[in-house]
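Input: structures, listed below.
There are two complexes below, and they share chain A, which is joined by chain B in the first and by chain C in the second.
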Partner chain A sequence: MACARVHKRWSIVTAARTITAGGATKGRSGADRDQLGSRPVRAPGPPTTVWSVAQFRLQGSKVLAVDMTGDAVKAKNGAMVAYDGQMSFKKMTGGGEGLRGMVTRRLTGEQMAVMEVKGHGTCYFADRASEINLVRLQGEKLYVEASNLLCTDAALRTGTTFTGMRGASQGNGLFTTTVEGTGQAAITSDGPAVVLRVTKQYPLQVDPGAYIAHTGGLKQHFQSGVNFRTLIGEGSGEAFQIRFEGEGLVYVQPSERNTVGGEV
Partner chain B sequence: MPFTALNSRMVEARIAPGQRMFSQRGAMLAYRGEVSFTPNIQGGQGGIGSMIGRRIAGEATPLMTVEGSGTVMFGHGGHHVHVVDLTGETLYVEADRLLAFDGSLDQGTMFMGSQGGVMGMVRGQVTGQGLFTTTLKGHGSAAVMAHGGVIELPITPQRPVHVDPQAYVAHRGEVRNKLSAALGWRDMVGRGSGEAFQLELSGQGTVYVQASEEKL
Partner chain C sequence: MTGPVIHDVATLPADDNVNPYAFSVDLNGQWFLQKGKMIAYYGSIDFHGIGHGRLDRLIAGSFHSPLHAADWVVAEGQGKMLLADRAFDVNSYDLEDGNLTIRSGNLLAFQPSLALKQSIIPGFLTLIGTGKFVAASNGPVVFVEPPIRVDPQALVGWADCPSPCHHYDHQYLRGFLGGLRAHTGIGGASGEEHQFEFVGAGTVLLQSTEVLMPELATGAVPDEAGVPGGGGHPAQSGSQLPQLPGGLGDLQRRFGL
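So, the complex of A and B:
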């Protein structure tokens, strides 16, 4: 049993399409993009290493498989679609951030219903057929909307920060969720997300409705292109943008949420 | 008559004279050759008896018979389509998820209560699938629809698989299903993890799970 488990783990390295924050991003081939894989391919060869943390891998592009050996992950409430082995699901009141975190989330409107999944085996997560992106964090901070966060390692800390005007234009509040620490996180996007690198020379402008997450040392400004055309109702629908400056990565989805900015 | 996947949401079926095929009414997208589509009042195979059975069971999805010679393309509602090839086993699937299937397959209706007793009936209610499900048995192919694509999970006697009832699509083989409830005090006070009910599938076979908790 233990051997089989480790064996399965071994295939992860090849199976997962991991986007390493701060590192190079692997391209996704367009042809197999839409197809979901059938079953995990088990690589031959005896395993030599045993990880004690939960391993995240993508099964196709819309299902996240997490291999666990007695450890725990935090996931969006109700996102489990299947599992084998033994699992227990427990709701973490207030996102597992204690009483203070709970009150903060209530006040900021960044409530997220989180459950703790613990056990031995493989657990599969999916959320309304949205695409899943894996992010590996090595001590940096990931800023993501609570609604786009699917699953994180239990070792990662979550919190809330103030985003200013950007949040208001995005239509999901003035606050955003942060994930910090070392481990993996899975974020969802409507359609396959692109990861855009921002460097000092090349700042980036993003439509607030298409932004999903960012990592690294980025400063964000809110800019508007409102002119007289917008006022007479002849706007291009791109009246507002978020401008990112600094060094980091921005995740953008090929779809736009309904935002105030999108209407004008 | 195998189905060939054109892309993740469309399948193409080759049809030869003397063969027939059933598909959900209105699911044809395009065809080549001389193919005729006749509405099937009986909702599939069998005589009047089977038809009444299906009506009572609420598993009577409007079907059409496809005959002739040529190729037909099927798709419906932009849902992902998954092709299941059967070699003698039985596929258990909801009638409304069935896009098209070979005429060589035996179509039947199964009462959920016969597998798992009272819990089987509760299961049908919880999942919104009703008390009956459609079975397809024999040699041939079937095209099954799902929201957001399908993954196949193997079930072995040592490794039963638990599935969220809303994400369950179909299963095949010698599989027993049981609704397991993990209701705790947390669920009673509205603080549940959203995973109170799970479908436990044990035995030998495969379960098809969709990447979404939405119904079709």
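So, the complex of A and C:
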């Protein structure tokens, strides 16, 4: 019986589209798969990694399905569209970061209405038919706007961080949300996100309105091309960019939010 | 584990789609693009507004659309540049010594080997020459050949064939009630009584929804005799009678008042 269950899980997971945030995607061999039925682990995967139990997978590109077996995930309040099995939904005041986190979020304008979903079965999440991108974190930090964060593993820690002018240019405030730890997170975007790698030789410039998230050790500068032509109404419309330097991944959406910078 | 592809400067396609919603330009020189459609780039690229003195020769050769000058920029430099537009489908098209007319809001970018001119049909732009351009559409583009009648909201553009004319269904024009119905919608109008009709040889580009992409107001064409849409004066009806209120002027005219 347990065997059958494991196999079912396997087929679900292979269908999932996931990103290894570190970049190196490890293929699993057929031999690995054969052994899986006899192994006592429930979650399949490279044996070296610690896997959280909740399994994220995409149902189409706009619905996130999370398979849970008694464990929990944190999700945007009200993002549940359907579930089967037994689920409980608990509002987490202040994003589940305690009193200090709550005050910080209130002060920084990165309020997140978060609920904790716990139970057995499959829970489906979606947010205004926006595209969903899965990010697998292995110890690194994901920087994402609170409004773009749909769901995270309960094992991941969330917090806020100062971003400076970059945030201001996006019209999203001076602060952004961080997600840290090992596990999966789901972020939303307007149109499927393009994942761009930044290396030391090849820095990347991104339009503030198209930026949604990044991982890895990246330094960001706010780059402005404002000159006297902007002032006389001959601006290029691309006056502001965020320049990413270092090593990491940047998620951009094929769409631009309305930003102050976009008009100049 | 098949995740979304992670792109870097080397794996981004050259002048091709990254996914249906994003297009990667391998820039080596200059491209025209509509303001705000660049989402990210590698390399060193400068963006100049049209009217930048140094670009005078380029503009003179490729950009003949003063009404749209405020919406366009020239990207200059070397690198890979990603273009996208509000998560609409984007596609590139190659013109070979051809001409193509497209709704102005749909055109995202084009190579300077093409010349951009305003179509005499308001709200449309014509590209003439040889080169590549990138256009957005709401849903994938369908190519059809004339003779065909198309819904005005689904029309993206057309190539090579003569400009379209309006076509009204016959019932639209028949009788007093038909006229009333057409103008007020009372009594049931299907919403499909009016089409654009294409004839001749060429290709018509349609989008697969009837949701128009919002476009920027571009002002009016010069106030000259013989310029369609110019001047901003409404066409004078032959009648000297005072016009009925409530936008019924056309109706009045149809019944010969």
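Note that in this section the second predicted complex is superposed on the first by the 227 of 264 C-alpha atoms of A that agree within 3 Å, B and C clash if a C-alpha of one lies under 4 Å from a C-alpha of the other, contacts with A are read in each partner's own complex, and residues count from 1 in each chain.
The rule is short, and it goes like this: contacts are C-beta pairs under 8 Å (C-beta built on N, C-alpha and C of every residue); 3 or more make two chains touch, one makes a residue touch a chain.
Worth saying up front: this structure is predicted, and the values here are computed from it rather than measured.
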Chain B versus chain C as contact partner of A:Y202, first or second or both or neither: second
Touching partner for A:V53 - first (chain B), second (chain C), both, neither: neither
First, second, both or neither for A:P254, with chain B first and chain C second: second
Contacts of A:G191 with chain B and chain C, given as first, second, both or neither: second
Which of chain B and chain C A:A129 touches, first, second, both or neither: first
Of chain C and chain B, partner touching more chain A residues: C
Touching partner for A:F89 - first (chain B), second (chain C), both, neither: first
Partner chain in contact with A:A210 - chain B first, chain C second, else both or neither: second
Parts of chain A lying in touch with chain C, wherever the complex brings them together: 17-20, 23, 25-28, 131, 133-134, 136, 190-199, 202-207, 209-210, 225, 229, 233-239, 249-250, 252-256, 262
Interfacial residue positions of chain B with respect to chain A in the complex: 7-8, 80, 147-154, 159-164, 167, 182, 186, 191-195, 207, 209-214
For the chain A and chain B complex, residues of the former touching the latter: 34-39, 59-60, 62-63, 77-85, 87-91, 93, 113, 115-116, 124, 126-129
Sites on chain C touched by chain A in the complex: 1-9, 12, 18-19, 21-22, 35-36, 38-43, 45-52, 70-71, 73, 82, 84-87, 90
